[in-house]
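Note that the chains take the letters A, B, C and D in the order they are written out, and that residue 1 is the start of every chain.
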Amino acid sequence: MRAQREVWGETLALLGESDPTLVVVDGDLANSTKADLFARRFPERFVEVGIAEQNMVGIAFGLWTLGYRPWLSTFGVFLTHRALDPIRMLVSQTGASVRLAGSYSGLLNGSSGKTHQDVEDLAIMRAMPHMTVIAPADDIEAEAVTRWASDHEGPVYVRFARDAVGRVFPEGYEFIPGRTLVLRTGAEVALVSTGVQTSRVLEAAEALARQGVDAAVIHVPTLKPLDAESLLDSLGEHSTVITVEEHSVLGGLGGAVSEVVAERRPGMTVHRIGLLDEWSESGPNAFLLDKYGLSSMRVAEQVVDLLGTAGATAP
Amino acid sequence: MRAQREVWGETLALLGESDPTLVVVDGDLANSTKADLFARRFPERFVEVGIAEQNMVGIAFGLWTLGYRPWLSTFGVFLTHRALDPIRMLVSQTGASVRLAGSYSGLLNGSSGKTHQDVEDLAIMRAMPHMTVIAPADDIEAEAVTRWASDHEGPVYVRFARDAVGRVFPEGYEFIPGRTLVLRTGAEVALVSTGVQTSRVLEAAEALARQGVDAAVIHVPTLKPLDAESLLDSLGEHSTVITVEEHSVLGGLGGAVSEVVAERRPGMTVHRIGLLDEWSESGPNAFLLDKYGLSSMRVAEQVVDLLGTAGATAP
Amino acid sequence: MKTEEAASTSRRPAKAPGCSIAEMQATARSARWHILHTVANSKAGHIGGPLSMTDLVVALYFSELRIDPEWPDAPLRDRFVLSKGHSAIGLYSVLALRGYFPVSELATFDHGNSRLQGHPDMKLTPGVDVSTGSLGQGLSAGVGIALGAKMRGLDFRTWVLLGDGELQEGMVWEAINSAARYGLSNLTAIVDLNGLQQFGWPRVEGRDRFDRSEPWSHVDLEAIFRGFGWNVVQVDGHDFAAILAAFEEVRERADEGRPAVILARTVKGEGISFTRGTYKWHNGVADEQQLATARAELGMDEVAR
Amino acid sequence: MKTEEAASTSRRPAKAPGCSIAEMQATARSARWHILHTVANSKAGHIGGPLSMTDLVVALYFSELRIDPEWPDAPLRDRFVLSKGHSAIGLYSVLALRGYFPVSELATFDHGNSRLQGHPDMKLTPGVDVSTGSLGQGLSAGVGIALGAKMRGLDFRTWVLLGDGELQEGMVWEAINSAARYGLSNLTAIVDLNGLQQFGWPRVEGRDRFDRSEPWSHVDLEAIFRGFGWNVVQVDGHDFAAILAAFEEVRERADEGRPAVILARTVKGEGISFTRGTYKWHNGVADEQQLATARAELGMDEVAR
């Protein structure tokens, strides 16, 4: 298993060979995001902007007007918060093919703590009209999504994790935008996740199985545009759905699933596991996943509690 | 009826008399937001920052560390998009008592068009941990909320409209944070709204009544923290809920209501009326409300359609 | 590059056929008239900013820019970015007079379903190269365009017009630094130093020209731009001969490998007595009486005849 | 004002009892040692930035600042904002040595449930006045603090330390303008010109000092700050005598009604041979061998004895 950021950098370095419109615009973080792999291969198509995220977006937009199709390289939180206004006006409102790589997503960013953690990116980018929002599960899907987004015309935000996670997909997996996938069937409850959290939810399902809880696992890589039909097919006849995300429980995956279910599947109950409107902190990955309830063990625990308590309330 | 922005400016000019910690930090828009009413009265407590929204937030934070409790004055879209990163780190993460007045909210901003319209603010601010998010319905509630927020310790975002709308509340109305209000009872469907759209939804309910559709109207001024119990009480035994907001249908009021209902009231159906992941344009208020489906007449139409089509799908 | 061949093989538009200063002055008067009465007719819009930049924009479109109204997206056209997007009606008036679309279409400004939005929309309006409206973003876009032209070896110039209040936006300074870092001599910024923004600060007696404080009267803008490695040209933004000379100087010094900024001293609301030099006309709607006054001052009746 | 009386009646903390330059140099060596081994022990963290600013921060806390470790939130204390928040471990090391919390607590850096976060958190750490981490925001906070002090007539000075790469953030320039506009002579910015950022640009032979490009070698920072109406003092950021003189000059010129910036020429990774002058040690984890080398170079064994 490789880290998603590595896969992203390596894939761009490959695609650069055949796609002369591919340029990378960096915000002084290429050696963290791994855009440096592209920079070494194509220095003339690597544009360093320095620590100026708004300007990165404006420059990427300008390059797009001349036929280039840029990828942006910085930490996700500095795109979704520091550069949101230029993304809105120069990328979303113009339909520019500017690809936003939100690196170091979620909580696990090498102990940098809450100023660098992005637990709102899915909610923020989902609310922006015309934005495509994708969160791949592992290295395999990260590569497929990087390739897909590189060909796609129009704005795309992709969430990439800093560190490697357990494999979810087989080699040769094909990413189909909008499609949700049933990774594991189960009768008692449907666990719905996105991004690298899906990998930990699969482990949680294993743990639950050992405790005699038969949980299905559904992966939603494309948060927007959300293919409601595909999601509903995956949810099937389940009566209890629990979303799990390395993100706030407000407006992200849990919000998207709740919107669809509340409208199309009255009768289905949706519980949401994730950050409970709180900021996190610095710490080793294992510590953070455990403390904030996202480790496979803690997810399994919460699922058992939720199944135990009828009409349980997530705070 | 007065415009909410006028009420905000006048109320601050009054509160300034008794509250020496009240300061207003402006982004070169005081004569639009009406912060100029405070500026004229208390020039020494009016801080003009010019066209630099990020800096406005940083300066407001600094003033707070010395015991001041600032209100920010600019268009909402430039707070929620241009200044989101400083709001995150210096206001939300520090718990600063900085009050964000998002003026010229929604579509109706004097023909400025989509670069100035904010149809994502509720989703964005709702996703930010520890942020209080309020959208008053009329001039009366705008004054009550301005007074409440001026006393409140901690970050608050309040959505204010540029132009006056039909009265919703009586003089002497008391704002209670979190409380949702049943403004009109009705057996067939519960229309849930927020901000000045509530006023138009009340008119829609009148129109529906004339067509023999008995619709309840529920107003949710506090989007966050959302008082789920209060919302559920208001929703009562309704089986069909339709949210209506001058905002995207993704992640805002519709998202918040869907999250609560999908978890606590399986069986209830929630449809969402608002902007369908689209940008709007320049135009007179009446034109925009009609074209984007938010005028009382267009809301009534859509309600009839939704009630007509079982399990209807909002795009 | 998809448009590579297209661009390299496509011809570069020529400059406008020699247009006399007298003609440009007349064109500017018509543009100012269209600004005032169009906004009055649509009941909303900006006035002071469009009027202060009118002469600069007329000089660009009727003398300097290599563009073709018949071929608005010619790959080798010069680019113009109106970073101070709230002055859209000023740009629309000049584009219409230059032939990008019928002057009659100006009447749709700010109405629903119009190609002429309150702020410039590159997806709707022929001749608009970049969408703007949220201040401070245009120069970054211009840096990206100029950098892309350099990377692709395309020979055209990119012009970005900014407001003096707009210069308070940090994003502008991020772009100022990048333009110098990349030696973008194919990029020219013009600052419309009209001395007023929307609200700003109280005027300082003896220092400020008008009824509110000048956005930059407390600093030395020329020294700052030079410090950032830009070429700086100061000019009277209402003197066509001087403006054209400034444009020429910028072009001739392009070999110095530095971006250039033209600091254009202007007057907000220039050209109409009651809008001149007051922040109160940042935006506004003229009444019948005022329209008549302006019509006379701008000599529109003669034109009509 | 809630804290009005409190503030006005409260005493202003005194400066640190005269501390010799030799003592400060020794303190700086200990601080550098704590930076390197604490990060090695927590397996993550920044090195180069903390090391380049060490002498400046030691000079502030052991000589210049009027603060009281026993009374971290004294209303009339001088304020210090570490705008380049990623250098937190450098600040923590100095705060610990100054007595804000036990040196032993440094071992909790970056661990879970620690008061010492990867980036400074004013809600957790005694002595931290402003939370930082997202670059470019500290100067605006400092402007707000200095402006508030002026509005309330409180007599203390606000210091903000920025990185040279950080200066690329537009928000910094918004604050530079505001500080001048409001004549904040009670505000001092210090720029840690260590010549490197995290990745940056390839070095230009003969122009740049280290293995990547200097963030500002292509511009004249002094001219820019002067243009903005700031007093500018250039100093060698590793020469204590010069640093103290710069601090004094800043205080003495406070009557000029201008904010001041100290452009401190430093070396990223200063003080340890293998971290010095290379972007590769922007962050990093030293191994046993390297720790031993540093320990010797910093004379930690003597100190221990």
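Definition applied: contacts are C-beta pairs under 8 Å (C-beta built on N, C-alpha and C of every residue); 3 or more make two chains touch, one makes a residue touch a chain.
Just so you know, these numbers come straight off a predicted model, no measurement behind them.
Shared contact partners of chain A and chain D comprise B, C. Among the remaining chains, the Cα-based centre furthest from that of chain A is the centre of C. Centroid to centroid, with C-alpha atoms defining each point, chain B and chain C lie 36 Å apart.
Chain A and chain C have centres, each the mean of its CA atoms, that are 41 Å apart.
Once the centre of each chain is set as its mean CA position, chain C and chain D turn out to be 42 Å apart. For chain A, the set of residues touching two or more other chains reads 50, 52, 54-55, 77-78, 81-82, 85, 88-89, 93, 114-115.
Those residues of chain C in touch with two or more other chains are numbered 121, 131-134, 136, 168-171, 174, 177, 181, 201.
If each chain is drawn as a node and touching chains are joined, the picture has every node linked to every other.
Taken in their complex, chain A has these residues touching chain C: 20-21, 23, 44-45, 47, 49-50, 52, 54-55, 57-68, 85-86, 88-90, 93-95. Residues 42-45, 85-86, 110-114, 117-119, 121, 131-136, 165-166, 168-170, 197-202, 215 of chain C are the ones touching chain B in the complex. Only residues 77-78, 80-82, 84-85, 88-89, 92-93, 114-115, 119-120, 123-124, 126-130, 224-225, 228, 239, 248-252, 254-259, 261-264, 266-272, 275, 277-279, 311, 313-314 of chain A touch chain B when the two sit together in their complex.
On the chain A side of its complex with chain D, the touching residues are 26, 28-32, 36, 43, 48, 50-52, 54-55, 77-78, 81-82, 110-116, 281-284, 287-288, 291.
On the chain D side of its complex with chain B, the touching residues are 1-4, 7, 121-123, 129-134, 137, 139-149, 151-152, 154, 170-171, 174-175, 177-178, 181.
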